[in-house]
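In what comes next, chain A is part of two complexes: it sits with chain B in the first one and with chain C in the second one.
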Partner chain A sequence: MSRTDPAAPMRAGSHDSWTRALSGWIEGLVPKGQWLPDRQPAYVASWIYVFGVACLASLVVVIASGLVLTFGGITWWHTNSFGHFVNSMHLWSVELFFATMVIHLWGKFFMAAWRGHRGMTWATGALAFFGSLGTAFTGYLIQTNFDAQWISTQAKDGLNAAGVGAYFNVMNVGQMVLWHVSFLPLVVGVIVGLHLLLVRRRGVVPPIGAESPVGVESPVAAEPSGASAPPETSGPGAAAAPPGAARPTAGVSAQEVGS
Partner chain B sequence: MSATATRRSATWAPDSHDFPTRRYDLVKEFVIALVVMLVLTIVAALVFSSPDDSALSLQRWAQEAPNDVVATATGELAGTTTTATYGPPYNTNADGQSLGPIVLPKLTGVTQPIDAADDFVITPLRTLSSDPAVAAALRQWSSASADQRTKWAQAYSDALAAAPDGDPAKVASGDYGPVPALAKGELALASSGALEGLLSSRTSFFGTDSTKPLLFLADGSYLEDQARVQNLGGDQWGIMNETGNYPGQPWLWLYAFWYQIPPFSTSDNADVQVWALMILLSIGFICIPWIPGLRTLPKHLGVHKLIWRGGRWR
Partner chain C sequence: MSGQLVTSTVPAGAVVQWGFLTITVANLIVILTMIVVFVLAILLPFPADRDEEGS
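Entry: the complex of A and B
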């Protein structure tokens, strides 16, 4: 019996089964070696970069403290001192989450971080912000205290005027609980995941006014969007890059510094 | 090559992978960030705790502001309260706010039907059948025409407004029909603590929908009085504040801001106008990378020079 090469079918054709097609698609989402690289461009050297990861870290604390709160139910924290402490953690982690997210957003704005076909990275970040607004808002509605009474009776008017209140009833605590702990976190989670994927796919945006150190310039495009501008296809490592993605592993051509 | 072809895109950037690199431990950075955020959260929770002013009950309302309960119940019977005159999604007694020719609440219609007089007052009072005065008042109310009911209730509502402190005991005599007895019965129900359950559990044993008790409570002035004491009024940037000295939802500052200035602060359609404006601004914010002028603004602002200093990346 002859030995068979397990990689042979892969080489024979990458799209001859749905599984291989999906596998190939997932592998191509991000340039090889860029899912979790151990090197970054040298210009990534400012405290402003910390706020993106700080935002992500505070989101983890938000979710963890929120999960603990769900164990006791929505009124548990009123009568249990540990529950009140967890509620306080949930509150302050949300405040930190928004504080770091806003700083991250402003930082990216001043860096014009949408350059180089990164428009969708900005858009998903902005969408994550708005999704988080809705999630936090529903959290305030399900506190089952005076704040929840006042905020819900006030907020209903805006939602009703926009026609949203017909289906999204802020005074129905049962409905708001489910939105807060299921649908909205799922939406935010998916958007954040997409945002992170795009960050890894494109890499960190170079400084404004920077020229390519290796003399490689992007093909010229009249419009900035990834859809209208042709992908970068020249330069080191271009052959391994997925369509529209930045070229992979800098190690091939880049001069390594600071190591 | 044409002039257009040689011009770079407004948002062109060189490939990030062409630049010199340095070691960067993403996992270590995340773990440190997680520990820092966790510690900051725990310290803030221990030092500042979180606000928890208990919910107002209808019983407390009846005990602390009984005249307001009577006036509100009378208003529900007269059809003059906020809920009674709201329109969609609660009833058809108004169209709702409009944005030019568009009236969105009319398009979505009545999805949470509420008859303010019947749902908030008459139906709960039917549980007080053992009270002869209330039972007689309910019979008189039921047998009267709609016009007669409104006349009685409106007259009593006006009399309450004219009475010192809105005290029902000081109301001038008049033809109020069964309304004083009905309002008094509503106050008794609220005082007993039964009204809340009767309003919230009408459609479900489990009572997870607080729409009716909240609407009834909000139709009175007691809830708003309590909120204004805590600086939570609409003209006090209320939607972004919370009780006590806590940050609340400062990320809603722009939404709250529009309500403080004309034309929104004086508009009958302020809610839908502010919503429309915020949706437009939000779409614009998301689409900054594709908006000429805005997408290149950061380059001219120059703040990026504080971030990428010294050219160490060159």
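Entry: the complex of A and C
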């Protein structure tokens, strides 16, 4: 069959083009049906599992309000009522972002969420936390008010003592603006993206009382090729739910994947 | 006197001191609220799926 034959059918499943290979690679990153699953394990029916996505929703508002602020500039919110509203929305979404992130962290810490080959999920979450701290810090520095002046003049001494003041000058508003709106959001965005990918790849961690049997807790660990995980309809704690959880959803096993 | 001293109209926030620890009341309220929300998230039942209730 000639490659120049326009009527030649494309071979299904072959990786003879980079787009097809890329598509296959992306599909294989998570088990089948887990990119946007419509079903979750029964133990997810608990309020403590809400804070991860609440944190993510807050981040969306943070980014959206921050994008609007970039159009007006960093002093816009002092002179324009709409700018003041957007700035307040940015501030309070950040407050909500950090509050939900810390509660999410508490929940995952006491759940030992690094179990079941989820060490990198935990690590990327910790990195996202520290990256967010840096982003919030630079945000405080570019408020163009006395608060920003106070924080920057206090912080410069510590940063100079650490020997990084020449490269990260908190008294330089222009540098801090660019760190806040370009570099740090990019870093946090990439880390959060990796974190979400790993959550989808490894699955949501079960509560300690609902430990899955060894070998099937992680869908990807069981099937590296990305095939769907063996459904877990039995086993210790398969349908157990954490304290406060509603009764398990009928027909949803601890590891049931999306249909 | 020709000039007038410009002072901030924003009052300093109240603080709580406990030994070497000093924290503003605002930050203390936020932290305590987060702890309360965390405990409630563990204790409160999650609403069941409406579709599943009938079955």
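To be clear about the criterion, the second predicted complex is superposed on the first by the 185 of 259 C-alpha atoms of A that agree within 3 Å, B and C clash if a C-alpha of one lies under 4 Å from a C-alpha of the other, contacts with A are read in each partner's own complex, and residues count from 1 in each chain.
Methods note: a contact is a pair of C-beta atoms (placed from the backbone, for glycine too) under 8 Å apart; a residue touches a chain by one contact, two chains touch by 3 or more.
None of these values were measured; they are calculated from a predicted model.
Of the two partner chains, chain B is the only one touched by A:Ser88; chain C is not.
Which of chain B and chain C touches more residues of chain A is settled by the count: it is B.
In the superposition on chain A, contact of A:Met111 is made with chain B only, not with chain C. In the superposition on chain A, A:Ala45 makes contact with both chain B and chain C.
When the shared chain is aligned, chain C comes close enough to touch A:Ile103, but chain B does not.
Contact with neither chain B nor chain C is seen for A:Thr138 once the two complexes are overlaid on the shared chain. Once chain A of one complex is fitted onto chain A of the other, the partner contacts of A:Phe146 extend to both chain B and chain C.
Shared interface residues of chain A, touching chain B in one complex and chain C in the other, are 45-46, 48, 50, 95, 102, 107, 146, 246-247, 249-250. Against chain A, in their complex, chain C makes its touches with residues 8, 30, 33-34, 37-38, 40-49, 52, 55. Taken in their complex, chain A has these residues touching chain B: 31, 36-46, 48, 50, 53-54, 56-58, 60-61, 65, 77-78, 84-85, 87-93, 95-96, 98, 102, 107, 109-112, 114-116, 118-119, 122-123, 126-127, 130, 133, 136-137, 140, 143-155, 157-158, 160-163, 165-167, 169, 171-175, 177, 202-214, 216-218, 220-225, 229, 232, 235-237, 246-251, 253-259.
Across the complex, chain A meets chain C through its residues 45-48, 50-51, 95, 99, 102-103, 106-107, 146, 242-247, 249-250.
For chain B in complex with chain A, the touching residues are 4-27, 29-30, 33-34, 36-38, 40-42, 44-46, 48-56, 86, 88-89, 96-97, 104-105, 107-109, 111-112, 206, 208-211, 214-215, 217-218, 223, 226-227, 232, 234, 238-239, 242-243, 246-247, 249-252, 269, 271-272, 274-276, 282, 285-290, 295-299, 301, 303-304, 307-309, 312-314.
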